[in-house]
């Protein structure tokens, strides 16, 4: 199957028009070798390890959440050139679906909400809001930790949590906290917790479940969907950053 | 002592010309009531709690690391108006020293390096580099946790850590990681760890000791210095965000 | 009545979408204390005098034409902090209606045209055009002076004036003079006359009736309308700048 | 004498480096016909009347304070083309000295200060500060009116005026009012008085003596100086806008 | 016939809304003397020669492809003032139709395609695509040379040319080369050939037939159309730059 | 010899500080594989042909005048990926010296002036001015054609040429024509002749000797210099675009 024939299928899963403006040039076919695709690898990031593993399993296409080239380049040097060489020598094209996959129905945020067992889910512009059986912040944080198999950091009073906003990836930014306030949620689950967000949280409990653990499930899930849609061999490559806590 | 007479002293401690460009309008006399200062309060942030506490102890001036008005405003509404009312009704001026205090010799980064017992300290543009007795990343992370009395998150291989870069506050950004790489450090201690920084860390161990714990000691230390320089009553107000970990 | 319930009424009188782009952040609820409003004060400007007078008469809300914070601020100092203290201590919210109230039917320009007894009034984007019984520029200038109870400055040949453009506030700018030319008016009534506008006036007579006198009537008029719409006590506070002429 | 030989002389009178940045392209040789100059005309503005009069008296060069082309043009139409035709057909070059002549020692502001009989004059960046024998605002306004032979508008309390700031042309802008405040003057003489400047004047008296009357004397004075420096016939053309007051 | 009555006719021939954005201020009535038009001259450029020739033949209006004032001006000097004087003294208005005339059906590109005998012509955003009887690049280049009566430069392999893109004026820019690639043409005829365009041409043959020779026919053609539409005397003025080749 | 040890030598030949501002990111080590350099190839452009030839002759470093990545990229596709693959698979680093090599003494423009036998050469900001024995434009054009072994296009009156400006590459832009006018040259030799430059040439003769032929000699010359400086094998790869003329 030609890569050019696969792209339209990937665009049904994560339509480019869902992407945030800052993602211009950072989604879609990042390396396009115009090759035949028999085997697809999927992972969260195009790290050295992931690219080499993709080569080892004979993948012709690697699909990641984060792109390979974040800032536009006019020069190529190590270690970036090494990654490129792996892709070019093994003829692996690269495709990235980022904020478009975050936002689309059935995408990162829906999968995250589903993993946490939220009910009555509403779509926001980018995250999701849903409900859990009322419990304390600590109890809810423990639930998140178990569901996503990760350590969590949290801040929150001894309030009862029932209405929850989730946002896969680095959602702890003031503009998203504002959305949480406007929607009157009890808790907000995301990652990359920042000091100023803690200071302005008001009475919203914040649960940081790591960037990796809030987004990785959605990439894993993608394998099943693509296998079914494309009738090709699709394999997930997991690359856990392994954060320790003391 | 007039506030206008205290400002030059504060500017010796943290000269405005040390500040980063983005801090324009965010350092110095944030609320200037042109009042007589008999008592000074010092804290990390001008939170509701801190302002009320400053009023309770009869402070005429509150000095914080972070400013009260981050984005320029044309409108005033709750809860910001409540903070303003506390300051205006209790005649408390507000002064902020931020990146200027981070960078100045004897400021945030020097105090952090000192707390961690680093030796042979070199000044960078903003952070500091120093040395510890060689140990594993895990051992060093435990040392950081004890020195700053905080939980820490860390990533790092089983390498030996000896050369360390420290950066109080949110230093886990790609431009500062680049500086760490250029200087060939073994470990980098800062806060607000981000996924892309982990992915690009190469073989540098990263220790996130929280924004609060890496900067609060420097504000505490400021009390002693100001008391001595100004011969006024200076009191520290601690407002720990209490982040829990599971 | 809650302030939040009054805002929609004020927006019927002067819909925000009528405002010029440069007025972004300068109209609407400038100080919003989320308070109960029993008494409203109305004036042209939120001067010291007007704020204190509003406090004296027990107003919970002050409505002005010009805003309190013209340029966005990151710092608060005297004399601005004194004005804020009056508002916060006396729990007076502040609401501003500016170019939206200038342009809206029944707003500043319509009231000005009405005061001058113009007939067959046409709406422009911002000012108004109407007709008077033919007379000399000098006679018309005298009429304006009497209608608005103010001294006037004027330039104009011995031409007959019949078609008139009016523009409350500082309308003597080249872009508005262009509109006067395009509409072929005989005279243009506004304020803050500038040298280059005089030089480019062609054969249009210009009558400067002061910023205050061309806008104040519209704020006075507002009292009656709001009293009727809101069934609340609404009181006008007049603050004449008293310009003398030699 | 070639125009190119006269330009260096004009640049000694009003050096281009004194000009404000916004005056880029608006000072110096505005129309340069590279012609021989036997007779020079000087006036405040290049109006129709002034250009025709310059042609009538046989001028080869017209020197004005304000330029002919304020906004850069890509098209030429009436009435601008008529002015150009007068200049081109009568071979009249045009030279403009604006903010450079305002600021230079011996320029617009010094001549204005001199006309008002100020003593102990200090140079500011653009205006001047000087002293008069103490008198009331009203008395001082009358003095200004007589010295400049113009009507004046003024605002001011019954305070005693002794320290005065002067600024030829449209100086009633907030940035110049700030300078007046910083210098603690009692009165500020300039033109094009604006409402917001009145509102923010604090206790400074403001005297608006018109744009024309505050700058015209300096252009008149220029004739004498140039006649002496160039040994050419230099004639002043007066074009009073004739503002009436009721 | 008034110039103002002719403008709408010229706008039917080359509607302003067809113009590229960068042409703002560079099309339409460049010199508008609001005069009566009995005779019209048409040429490619408003050169000295063309303006003087227009005066000699008694033209009241000159229509050109390129404008007289490319960059906005605040000053007027030689040799530009000489051109202006010719226009003003002989009362010649000037009208420019540029990218709007390039793109409009029946405009520059259609006339060029027609001259080259292309068939099955398709309109692009700005150029045109058409077909010729298959021949070598060299044979086709000779054909272009003869049709436009000009020398040509070309690069191209010994491929067969059948599908051709034409673009009057300076079309050898990378954005237009991209369009040629997307449309799979065999040859691209335009002018002002650049090195980087040659290097990126892939297998497309490039024929540079000069700016003058690709656009001049369209101005010549314009005479006939205007004579018929306006029933006025319209005369073409040819000004060949005469490029020699060794 | 390490690439990192060769870079300082290349920077003596063409110091980066000589480069134009728009060349930021486009000069220096474009592909840096941090490899050992035994053999160097030099050419004008990194075309497919040149890269493959560099691989064939076993080059470890290719030095070109024009860069490989002109506009910053976030995506990699054919045919760019093919070029990259050749470089990465054959371990060829790429180094570009552009406007810095144009301007530096002994660089592109000096070599061009030398080839044309100019005498009394003066350095301009970017081009050079020199003298030839007086002759007609046609005779000089023939001389240029023979010296650079290329066809030329030229425009010029039957004037005598003696003072000449040369500019390797695409120098026929209005800003460089202005420099030619200011310097009063008789002829200007460069490439990529544009219509508007012809129209504004006044009485300067213009000789277009192609981009390739005006710059290629300087790259050829570079081989000798580098061989001597580095004591390495340096080989020139010629890639003539072969422009035909009819």
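So that you can tell them apart, the chains are marked A, B, C, D, E and F in the order they are listed, and the count of residues begins at 1 in each.
Rule of thumb we're sticking to: contacts are C-beta pairs under 8 Å (C-beta built on N, C-alpha and C of every residue); 3 or more make two chains touch, one makes a residue touch a chain.
Chain by chain, the UniProt names read as follows: A, B, C, D, E, F = NGG1p interacting factor 3 protein, NIF3.
Computed from a prediction, not measured in an experiment: that's the story for all the values here.
With contact taken as defined at the outset, chain A and chain E are each touched by F. The contact pattern of A-F recurs in B-C, the pair among B-C, A-B or E-F where over half of the contact pairs coincide by residue number. At the interface between chain B and chain C, over half of the residue numbers involved are used by both copies, so each side presents largely the same positions.
Centre-to-centre separation between chain C and chain D, using Cα means, comes to 32 Å.
One simple way to say how far apart two chains are is to compare their mean CA positions; for chain B and chain F this gives 53 Å.
Spacing of chain C relative to chain F, judged by their CA centroids, is 65 angstrom. Listed for chain B are residues 70, each touching two or more other chains. Chain contact topology: the protein chains form a single closed ring, every chain touching exactly two others. The ring of touching chains, read from chain B in the direction of chain C, comes out as B, C, D, E, F, A. Looking at the complex, you find that chain C touches chain B at residues 25-26, 28-34, 67, 69-70, 72-78, 81, 84-85, 88-89. For chain C in complex with chain D, the touching residues are 45, 47, 66, 70, 79, 138, 141-142, 145, 151-155, 169-170, 191-196, 198-199, 202, 210-212, 241-246.
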